[in-house]
Structure formats: C-alpha cells, structure tokens
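One structure, as structure tokens, below. Some questions next.
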Amino acid sequence: MKVIKDSVHDHIAVEGIARELLDTPTVQRLRGIAQLGTVSLVYPSANHTRFEHSLGVYHLACEALEQLGIDGRQATRVEAAALLHDVGHGPFSHNVEGIVHRETGRYHDDVGDLLASGEVAAILENHGLDPAAVAGLVAGKGRFGQLVSGELDVDRMDYLVRDAHHTGVPYGTIDHGRLVRELTFVDGELVLGEGNVQTAESLLVARALMNPTVYNHSAARIAKAMLRCAVEGLIDSGAVEAERVARMDDHDLIVSLRRTDETETFARRLDHRELYKRAVWAEIDDVPGGIIEADHDSIREFEGEIAGEAGVSPDEVIVDVPDRPSMTESTSRVVVNGEIRRLGRQSALVDALRAAQYSQWRLGVYSPPEVRERVGHAAVRTLGLEIDGPLVSETRDGLYATLDQFAE
Amino acid sequence: MKVIKDSVHDHIAVEGIARELLDTPTVQRLRGIAQLGTVSLVYPSANHTRFEHSLGVYHLACEALEQLGIDGRQATRVEAAALLHDVGHGPFSHNVEGIVHRETGRYHDDVGDLLASGEVAAILENHGLDPAAVAGLVAGKGRFGQLVSGELDVDRMDYLVRDAHHTGVPYGTIDHGRLVRELTFVDGELVLGEGNVQTAESLLVARALMNPTVYNHSAARIAKAMLRCAVEGLIDSGAVEAERVARMDDHDLIVSLRRTDETETFARRLDHRELYKRAVWAEIDDVPGGIIEADHDSIREFEGEIAGEAGVSPDEVIVDVPDRPSMTESTSRVVVNGEIRRLGRQSALVDALRAAQYSQWRLGVYSPPEVRERVGHAAVRTLGLEIDGPLVSETRDGLYATLDQFAE
Amino acid sequence: MKVIKDSVHDHIAVEGIARELLDTPTVQRLRGIAQLGTVSLVYPSANHTRFEHSLGVYHLACEALEQLGIDGRQATRVEAAALLHDVGHGPFSHNVEGIVHRETGRYHDDVGDLLASGEVAAILENHGLDPAAVAGLVAGKGRFGQLVSGELDVDRMDYLVRDAHHTGVPYGTIDHGRLVRELTFVDGELVLGEGNVQTAESLLVARALMNPTVYNHSAARIAKAMLRCAVEGLIDSGAVEAERVARMDDHDLIVSLRRTDETETFARRLDHRELYKRAVWAEIDDVPGGIIEADHDSIREFEGEIAGEAGVSPDEVIVDVPDRPSMTESTSRVVVNGEIRRLGRQSALVDALRAAQYSQWRLGVYSPPEVRERVGHAAVRTLGLEIDGPLVSETRDGLYATLDQFAE
Amino acid sequence: MKVIKDSVHDHIAVEGIARELLDTPTVQRLRGIAQLGTVSLVYPSANHTRFEHSLGVYHLACEALEQLGIDGRQATRVEAAALLHDVGHGPFSHNVEGIVHRETGRYHDDVGDLLASGEVAAILENHGLDPAAVAGLVAGKGRFGQLVSGELDVDRMDYLVRDAHHTGVPYGTIDHGRLVRELTFVDGELVLGEGNVQTAESLLVARALMNPTVYNHSAARIAKAMLRCAVEGLIDSGAVEAERVARMDDHDLIVSLRRTDETETFARRLDHRELYKRAVWAEIDDVPGGIIEADHDSIREFEGEIAGEAGVSPDEVIVDVPDRPSMTESTSRVVVNGEIRRLGRQSALVDALRAAQYSQWRLGVYSPPEVRERVGHAAVRTLGLEIDGPLVSETRDGLYATLDQFAE
C-alpha cells in the first residue's frame, strides 16, 4: 500500500491495481495537464493537475464501493476506471477537446485504444480485466459506469471540491462525505437514498455557482478561445498532427506553439496575458438561431467575413459560441417516498437554475483591444445580432454575473 | 488596541469605544448565551456564543466603514451599535424570544433601555453618542441602520459563516470579503454595486441551505418547543418573573428550570436529550388557515383539547406552528445597469427558493414517544388537518429535506 | 448507525455500544462541561465541550482499532472506554480537579464508581463487558489502556487538534491521520512504527506550542485560580458538598457560585471578566524549594499571612504554584532500527522543550488591581522570593512567552 | 485597483506600481515556474507557482508597510521589490540554481540586469524609482532589504504557509498575521517587538518540520539531482546555452530536455517518475570532510570513477552532497527586556533544531535500481565512506526522518 498526501482528501491509500496503474506513463502523463486549463490566468492558484484529481476520484470511488458493499473483480474494475477516467484528455483538458474531436473523432472519454495497449493493458489483463470493459465504465456504460461517469459520479464530487479549494472560491463546497454515503442501487440505477433531495440539489447549486465564477469566467473563455485558434493554426501549419496534439501534455503544446512561426504570436499573448477583449457580448435572445447551431466551418467563415469587413487580419477575430445551456445534474435520481424520481421533476430549484444558465449564456466576439470597436460593429452586422445599447455591457443583468473585477 | 484571536476572522483588532464597551457586564453577559440555542443538541460542535458573534459583527462593520469611507462620530456610532446589537437577547437567543416578547413587549432588538443606563450609557455619552441613536441603529433605523440590521447587514455575513464553521456544515460559505467590499450607498440606500447579482444571491442560497439543515432541523425545533414550554411553566409557576428571564443567561435559565418543581421534568429531558417525538408533521396545504394564524392562547387551548382527547397530561402535547415563510434577503438591493433593483425582481432564484421554503414549512405536534400515536390522531381531529398516509412522513417530498439521519 | 457531524472530523459514525452509551445521562452531562474551562475568557471561540471531544476520541479509537486489526469484545471494550474516558470530569474540567481530588480522593480518571451503576453499567453488562475493566482502560491500565490514556493515546490526538481549531491558534496541528496509521503493538507496548521519530516529535512540539499560548495563558491561569478559590469558598460555606460539586456541570457550578453569599463576589468578577492581576510573577529559580513543594494548607496559610501584612482581605490574595514541569510525551516509544526506544532518549528536541518548559514556569500571586502593589511586596517577603527588578515583568525572557497581547 | 483571489490570503488588492508590474512579461513568466520544483513528484498537489507566491509576498509586504507606518516612495520601492523578488529564478526554482550560478555567476536574487531593462525598468523609472535600488532590496541590502530578504522577511512567511497549504502537510502553519503585526524597527534593524520569542521560534519550528517532510524529502532530492544532471547534459550538448536556460520557464526546459538526444533518457525518466534509487545514504559523520567540501568538478570526477569501478555509464551515477547545515532564522532578532537579541542566543530550541538538522544531513548516491548494489559499493570505496550495516538504512535514526512512506 502506498499512502499519498492530498491537499483535499488528506491521505489517499493506493492499493492493488491502482498502485500498479499509477506508475504507468499513461497515468503519469496527467501530471502535465492542468485541470482547469486557462482558468489559472484568472485564478493564479488554480494550477492543479488531472493527476491529483484522478487520485481523488479513485479515493472517492473506493469509499463508494465500500459503502455499496461491492468487492472482488467488479470493484477492481471500477477502481481502475476511476484512476484511468481522464487519461484520454489532451493538453489543457477541455480547452482543446473540441479540436481533437473534430480531427480525430474522439472525445476525452473514448479511452478504448489507450487502455488496449502498452503497460496499462498488461496490468488490466494481469488482474483479469478486459480493457474494453474498463473503457466502457469510463464512458459511463452499464450499472457501474454511473459511478464513474454519470449524474452522481465521483468525478463530479472530486472536481467541485478540488476546484473550489485551488481557486479559493468559497462556492463549490459540497458534502461529498454525505453524497458518497447515501449512494445506493435501486433496480440497477444509482440513486441517492430517501431524504436526499437536498443532497442532490447541493451538487446542482455548487455547479451553478462555480460555472460563471470559475468555469465560464469571461477572461478564461477568451484565453481558451485564443488557445483554440492557436492550436488550429498549429495543425493547419503542418507543424504537428492532430493525433500528436491529442497525446501531448501542456508543456509540449505550449512550447510547440512558441516555436512555430504561425502560432508564436498567440503563444506570446497567452504567456504575457495580453488577452483579446470582448468586441461583442450577446445574450441568447439577441442571436439568430442559425448562428447558435452553426458548425465549426461556418464559424470560421464568419470570422473571415468579419475580419474582412473590419479590415483586420483573420487571426484578430474570434467568434465564440457556447453550446445551448444544459444541466446534467438535473437528471440525477433520488428516492422520494419509496419511488425513484429525477431531480428535475422533484425540485423547483432545477428550473430556476436552468433559467439562470439560460440568462447567463453569451456569444462572444473577441479581438485585440485596439481594433475592438471596428470588429464589434462588423460582427453585429455579419452575424445579424440584435443588440440595443453598448456592444459589451459590463453590467450584466443575468443571474450569476461573472465576477470579473474579483479575479485577475 | 486589543487584538483578539477569533476562529473565524483570525485576528480582530478592538479599538476605541469598542474596547471600553467590551468590558461592560452588558456585553460580557453574551458569553453565557449560545448563538444557536438548542441546535447544539443536533450539532455537538455548535457551542459558539453571542459574544464571539458580536465581535465578528463589529469586525465586519469596521471593514465596511473603511470601505465606505465613513469615519468620525458616525463611524463610532456604527461600531458601538455593531458590538451591542445582540445585548437584548434573552437566554438561548431566539428560542425564548417569543415568550419574552409576549410578556414584556420587547424583541431582542429593542435595546433602548439597556443602552440608556449603567456603564454602557456612560461610555456612549463620554464619546458624545446618544444611546437612543445607537439603539436606533440596532433596530435598523436610518441610513446606517441598514448596515447593522438590514438585508445586507454585517450581522448576517458573520452568522452564516460562523454557524457553518461551528456546526461543520459546508453550506453557509459566503464570500464575506467580497460582500463587504461591494457595499455602497446610492441615494441613501445601502446596495451592492454593479455586477453583484450573484453576490447577493449567494447570501440567499447560503440561508436557503442553512435553514433546513441547521436552523430548522426538526430535532432542534422539538427541543426549542420543549424549552419554550418549560419557560412558560417557569413563569406561570411564579418562580421567576418574565422580566428576569429576559435578562438571564443560559446558565441561569437552565439551573432555574432544574430547580423548579414545575419544570424539572422538562429540564431533565433536555439535559439527557430525551426529546419528544413528532406525533404529526403536516405540510402547509394540509393545515387550515385558522390554525396557522392562531395566537398563542388559542394554541395553548388546542394543546389542552388534544391532551384531553388523548388522555395525556397537557405538558405532553406541544403544538409548534411556525410563521408563514418569508425571505428577508429577497429585498436586498443591487445596482443593475445603473439602476437600483430589488433582488427579488431581478432573480429567478428568489422565487424558486421561496417555493422551496413554502414546501419545507411544517406544523409539528410533539409528545413523549410512548403516547405519540394517540396524541397524533387526537391532534389531526382537533386541528382539522387533512393528512393522507402516515402522520409523520420521514420521506419528505419538499426541497431541502432536513438531514435528520446525519446529525445526532 | 448514527452519523454525527463534527467540526473537526466531519462525519463520525456512532455504532454498537457507543450508540447506546451516547444517550445516557452520564455521557450527555458532558455537553455542559467546557473542554478548556476558563480559557474561553482569553479565546472567545473556545466554547467546545467534553461531549464533542469524547465523540472525537471515540472516532479516533475506532480508526486505531481498525488499523491495529482488533475487533470483537476487546474492540468493544476500547470503544466504550474511549467514549466514557472523560465522564469523571467535574465542572470546568481540570480547573476544579485539584479541589475535588483533595476532598473526595478521586481524579477525573477514577471512573470505577460511575461505570458500575445506573444505565452505563447496564449497557456495559449487556455487551458482556465488566465495568471495572472499562474503568481500568480509562485509567490507562493494560495493553489497550495505552490507547485510551498513555503517551500516544487518541485523547491527546483529538484535543490538540480540537483545541487549536476552536481557539483559532495555528499551533496545535498534528497529522492525526498519520499518527493513527503508524500505531502498532510490539511486545505488548503501543509504539509508533519504524521511521516515525518525527511523527512522535510533532506531538511534543504541538503541546510545547499550545501550552504557553493556550493551556497556561496567564489570564486563563488567573481566572482558573479565582474559580478555584470560589469553589473552595462554596464548599467551606457549607452550601454545597464536595461530592455534589464533583457531579455538577458548568451551569450548576456557575449558578451556585452566583447564588451563594460567600462566593457571589468571585462569581460576579468572573462573569464580568474583572480578573485579578499579577502582583508577583516569579521564575522557578527565584522561588525557594519549600514553596514549590508546599501543600494546599500551607499555601492557604501563606495567603493569609500575605493578606495580613498587606492589610487586605484573605480573599484578595491568591498564590498560584504550578507543579514542577513534566513532559509526558517524552516517554512515548518509537521503533528505531528495529528496537523500541523512548523518544526522550532519541530526540535532542525533548531536552530543548523540557528546558523551555522549565524556563516558562512561573509562580503567580494575584490580587485585585488596586491593591496589587501592596500584595506584591508582602508576597515577596512572606514567600522569600528573590526577584530583581519589577515584580511582574511583562517582558519575559523564557521561551514561548505567553501571547498576552494577542488574546483578549 | 485589481483584486485577485488567492487560495492562501483570500483577496489580494493589487494597486499602484504593482498593478503595472504585474502585467510585464518578466513577472508573467513566473506563472510557468513551479514553486517547489520536483517536490510535486512526491506531493501531487504541490503545483503552485512563483507567480502566486510573489503575489502573496507583495500582499504581506503591504501589510507590513502599513503596520510599520511607511508610505510614499519608500513604500513603493518595497512593494516593487516584493513583487519582483523572484524574477531572477530559473526553471524549477532552486533546482537548477546551482548550475546557473556556476555558468553565469548569478544567483536568483541578482536581479540588477533584469530590472534595468525593458518594461520593468520603464515602470520603475516612471514611478521615480532607481532599478538598482530595487534590486538592492531584493538582495537584502539596507534597512528595508531586511523586509524583502532577511531572517524575518515576508518571503518566508508566505512560502511556509503556501507550501503547507498546497502539499497538504500540516506542519508549516505559522501565525503570519501576528508576525507581520509585531515587526518593528529598532535602531535601523528589523526585529520582533517585546514578548515575541515564541513568535520567532514558531518560524524556526515550521522550517524545521517542513525541511525533512517537504523540502528535503529523499525522493524530491533524487528527482532534483536527476534534473540537475539532465540540465548539465543539455548545456554540455551545446543544444542550449546556460544564459538561455536561466531565462526559460519549466515548460521550455522540460521540452528541451525531451527533444535533445543527450537528455531525453533523463526527461523520460522524470516524466514517467522512474526515479533513480539511493545506492548510498550516509550520515555526516561517515563522510570525509574533503568530500563535503568538494567542488562541482571533483564531484563529477568522483561520479566518473564510481561509474568506472561499477561498470556502468557515468550518467547512471549521481553523487548528491548537500551544503553543511545552516539555519538562517537563528539570527533573527527579538526585543527581550528592552534589548535586541539574536534568537540563537536566546532560545535553547535553536541549538536543538540545529542538532536535528545536523543529524538529518545525508550524502546520497543515486543510480538506476538495477545497478544500485554495484554502484553503492563502488561509491563507498571511492568516496571513503565509513558505513556500518546496510548502505541505505530505511530506518533512520535522525530526528525528523523523512516521511517516505507517506508520500508518493
């Protein structure tokens, strides 16, 4: 047994298969991937990695398995999946996931290939586990997949607490001890036992508070959009292939961007925190549906058009269109009066938070500060936005306005 | 200057008038009053007192005054009011406030008399302050009264954090540093500056999570109701007058209850945590309006009737009817697009939390466990409750069900 | 199983015998006894009770038992002893222990009588346990007594962390998780396994830092001495017998002092924090050996003499002579190179901390501030102290001077 | 004013010159430098950077300046120096400082050149500051240099708390609030005021506990030694010049090591945490004085000799000789009885901790596990070590044995 000191869970005992998997290059690589990508440009203390998060998820999985009375091979399989659940992440975690998916067809939880070869496969097989079954758990499949990747998974329980701890934001605090204790299987579904509507809601509230404050902070979104453009430039330049980008860690990607002519301007800007500024910041009701649904190629065309009209270089216009709001946790299930119900049916809070999320949604157009005005007006015309008043209103009327002035 | 170590704010520097007031019997008495009354029967670590809370409120008031650029006599007045804001509390804080009010006509924030005599009055006058003006601030009057007692007061900011810290519940965490920094006066109204809708909501959410988990935990409510009955018995017995009860601390009240024949049964039960149990637990829609609005004498009559019908002693029936739900924080004001708005108008969350509070409301009838069944049925008939199914449903369908099983 | 929320250990699961013992009057009484007695006059947040501490000790005992692989009746016995270890405490914990011992011959860990009768005895016997054996563990007897009361006991591990948490002092932090994990039995002795010299030292250092800052803070010592005099007065007045004092809780004692003519002056002073001041504060080398070894009666005679010479009432002179310094933790045992060694033999730090403790030792003579000077000079003459310079030097040259100015 | 959220100090207000300096490439570069270098291989949560530390030091400097009553240009100079104090660090902080010094003659606090050019120089000059004077403060020169770099500097106060927070180790907790409040100048010397011997000692104790647990953890030392060899290899290979290495950040260095033939083996080993193991671990008394004092070239020769004798490649032998123990904090000054004294003269603890440090000192020889035995014996012969028993004793008899098994 190995005991590792963790700043969130204190001591984490790593045993059995986890002990072996921990030392593989596949897992060690996660040391080089920041959990929150560009968020550290806003919250300077948020430098934690996917590696420590994976240890935390493994730790909570062990507690949940004990609580659920599961052991033997089934437990080993879940432990392995918990520790391995993030090995499919590319550099900067979710920040470049979209590009990687577009180019390779894989999301971060498609880990079938990664688990089927090399040291990891050998270890899994030594323990009598089928790599494909473990990959299935990581993708949320089956009864136990819900524990690793579902609405009530231990992944979520670790990252909310860990991200709050490292950013210093007091909003992500959930009672993970209680959540883990109350997990139970009813008819093959992972649910929270009787009397836990509030427990389920606390997950939802934590996310609702962390989203605008941390995960979607406007400056982090701008940096992320710039990083995305840079990575596209890197691949387009032919310097690095998409498949290789997907397997890089942050160090590799940062240095590749610095050392490639086509991307070194973006790299320098990110290094020195010379971020683009918002040229437009539009609410969902002001954006034509066609724009919200537009695919990546159309967006790139819009960017080119806007750049043309504004008389700036295409690299100086970024159109950032988030997905339509969704709320995974609303489908988590709780036992109420002996019956399993979806939280969204049970809780008035779910609708309120959904409305909040809707009202917080923003399309952003970003550019260097000196051309911001020109780009803004060109974007409004090109995208057909209907904005009254200033193009970027710092005074947001949505719920949970991002806390710009309180972060670097 | 005196520097006091506090478990919440670390170091609290006590200066000027506060230094003098601190050593008065009026303020020192607060050492003997538990902040959360009977809640420590549920959360054993929650033994903090009104004294440390008052220091915390004084500390946040000083920070707010500095932030608002207020000094001189005005500041001194607010500092005094902050430190003195709770001196009107009777033993067990809010637990016996109702009785005291009924008997003396005073709520805990009627501190005019207390400040107008003795050492406190002398100190205030030495500093050129009118005791009545300080009492006015404590009652929330005037421009600066909002800072001491209002929707955005420093009282609330301290107690949410402190109560969370001492109970160990992870839900009361607010960013009081940010709240204090963002306070500003616009047209004489205390508001949160532009971009702080979320900051205001975080106060609301913290309360919404603390309410059922801590403040209205069902076991704490039962203990509180028993304490109330005991105190009524004490006054009725002629052993102690209501005015004297109001000026007792917890030690005095506990021992008086123990040493008075009419109340020693209740005292023993509270000491040994032999609490009554719920005989009925009814949702607001199942309770006739007349019952909800009934005054204290009517309730006592109902108790007598139920006892009669159930064939138990009147002391063995307690009917506990909370006030209709309300939500002070919903009227806090925030600047949005340069205009002051009430949070309730601005935030969809307010309505959701109001609905939650409404669905959490419960009328309780309590009795010793051995007569619970009989009392329950008698209560349903007497009060005209419309309850389908069990009289006490442990599986509550409201939001934020109280977390019974997770507390002693 | 009952799960209780604790501000130090988060969730404490109470099962089996502990669940039953918890609800006995004997254990519930500990809710009314402050863990640190008069220390809350210095650290206003330090209002925690023996009850929450006992839960914490029980919790760590369970962890240690699991780690040591002990179960069955032996484990049940230790669990019971852990939860019951403090039921012998009188009001204000150690503050009045001396008097109680003088009058009744019992220290707080003589719990034989308490466990041999009433509900506790019945529960123990139901579980097949001999009350005397459990009392033996509480007194530190036998192999498992070391776990409950010894140099490496779980009592110490809980109180250091808990006292630090509640006072707000950052010095008591030990790694109790590690300490518990490293406990092992070698040849029937409880020791820390190989590689844990530092772990053992960390306990020692924590105590060495907490002692002057918290446990022996000069103002807390004065208040404790005043309380002691008051209790002696109470017993001497005939109002309450020593046996009854021993079974009181804090509320009872406080109110008895308030309501007895002979003690109400002390009670008022303690209530209002009108503490005596130091008239003399003498280092160990300046105090004749006879004084240090003097018994209680001699001390009372000295007090009378000093009062006579100073022309004040005997109640206005308190002579406070601490025991000679000792250091329990120095005898804790650690495995070093396969051999069990006492920490004191192994660690240079032990000698240094012992020297520190020696240099921090102070005899105090206390009196009301207005007669302080007179009492001081009379005390120097009467006790034969050899003090150069001022009788009370605020500028202490010892290690770990008490942090007066940093606490109320 | 910009307010930045920090996980240690909560809100840090950045104003005036600091606000401008923050956005320079010179300061932003610190985002890419891990505060503790290879320690994150042992404590996975320890990924904090020199950037957040620099913000913390700036924050404490502002508090100290306010406490000391210093403002105007003098204060501005200190604020600038606090924020800039670490800009001279190379990648991996202290880990490669030795090489950089050998090759360039500069230590990390020689920042004269860095401040005298570019944006930083322009900002300093705009504020009427001489870059050389600011660099002087960083090097600890003059009255105010003590505040930035001295025995009682704010650098130390931040890093002890921050390193403890991020590693999760409970030992580095100091009361920085109190330390900053008690700083004062007496006769031009920065000292702690009367009554603070313990306060000064707490700094010493914190370091004494953090040293073996974190800073000198044996696995971190091995990784650091491997990194050092790798960097020497990088420079020797001609791939990168020493001057450029000194200005790299961690990303650059890691990737350069990966992409250079001569160093990619070391890079892979560090990436995959395939660390060398201890072949020898010798106490100071077993090492000839000549070895302890040997310069870098001699050490390299020894390594070659050992490799030759053991029949392994020179890269497979690392001889790691720490400097002789020293204890900066022992010279910190405290006012005792109105007189300034060095802590080392005043405190018995200093000698004990010095002895501890002496007994913890170890010379290490490291090699790949498979040749460990051969290398060990060759090293003993070549270096003339006098070791009885095993070459690597896991059971250390020193104080504060490193807590190997408790960290990854």
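Note that the chains take the letters A, B, C and D in the order they are written out, and that residue 1 is the start of every chain.
Basically, a residue touches a chain if its C-beta (ideal position, glycine included) is under 8 Å from a C-beta of that chain, and two chains touch if they have at least 3 such contacts.
Everything numeric here is computed off the predicted structure, so don't read it as measured data.
With contacts counted as defined, which of the two, A-B or B-D, has more C-beta pairs across the interface?
A-B
Copies chain A, chain C: same or different interface, half of numbers shared as the threshold?
same
For chain A versus chain D, what separation do you get between their C-alpha means, in angstrom?
34
Would you mind pulling out the distance in Å between where the CA atoms of chain B average out and where those of chain D do?
51
Can you give the whole-Å distance between the Cα centres of chain A and chain B?
Chain A and chain B have C-alpha centres separated by 40 Å.
Touching two or more other chains, which residues of chain A qualify?
3, 10-11, 169, 178, 405-406
Help me check something: in the complex, which residues belonging to chain A touch chain B?
Checking each residue of chain A against chain B gives 169-171, 173-175, 178, 194-199, 201-202, 205, 209, 212-213, 335-338, 346-349, 351-353, 355-356, 359, 393-401, 403-406.
Please give the residue numbers of chain A that touch chain D in the complex, ascending.
Contact set of chain A toward chain D: 2-8, 10-11, 14, 22-25, 28-29, 31-32, 40-41, 43-45, 47-49, 51-52, 55, 165-169, 250-252, 254-256, 258, 271-273, 405-408.
What residues of chain D sit close enough to touch chain B in their complex?
For chain D paired with chain B, touching residues are 3, 10-11, 177-178, 181.
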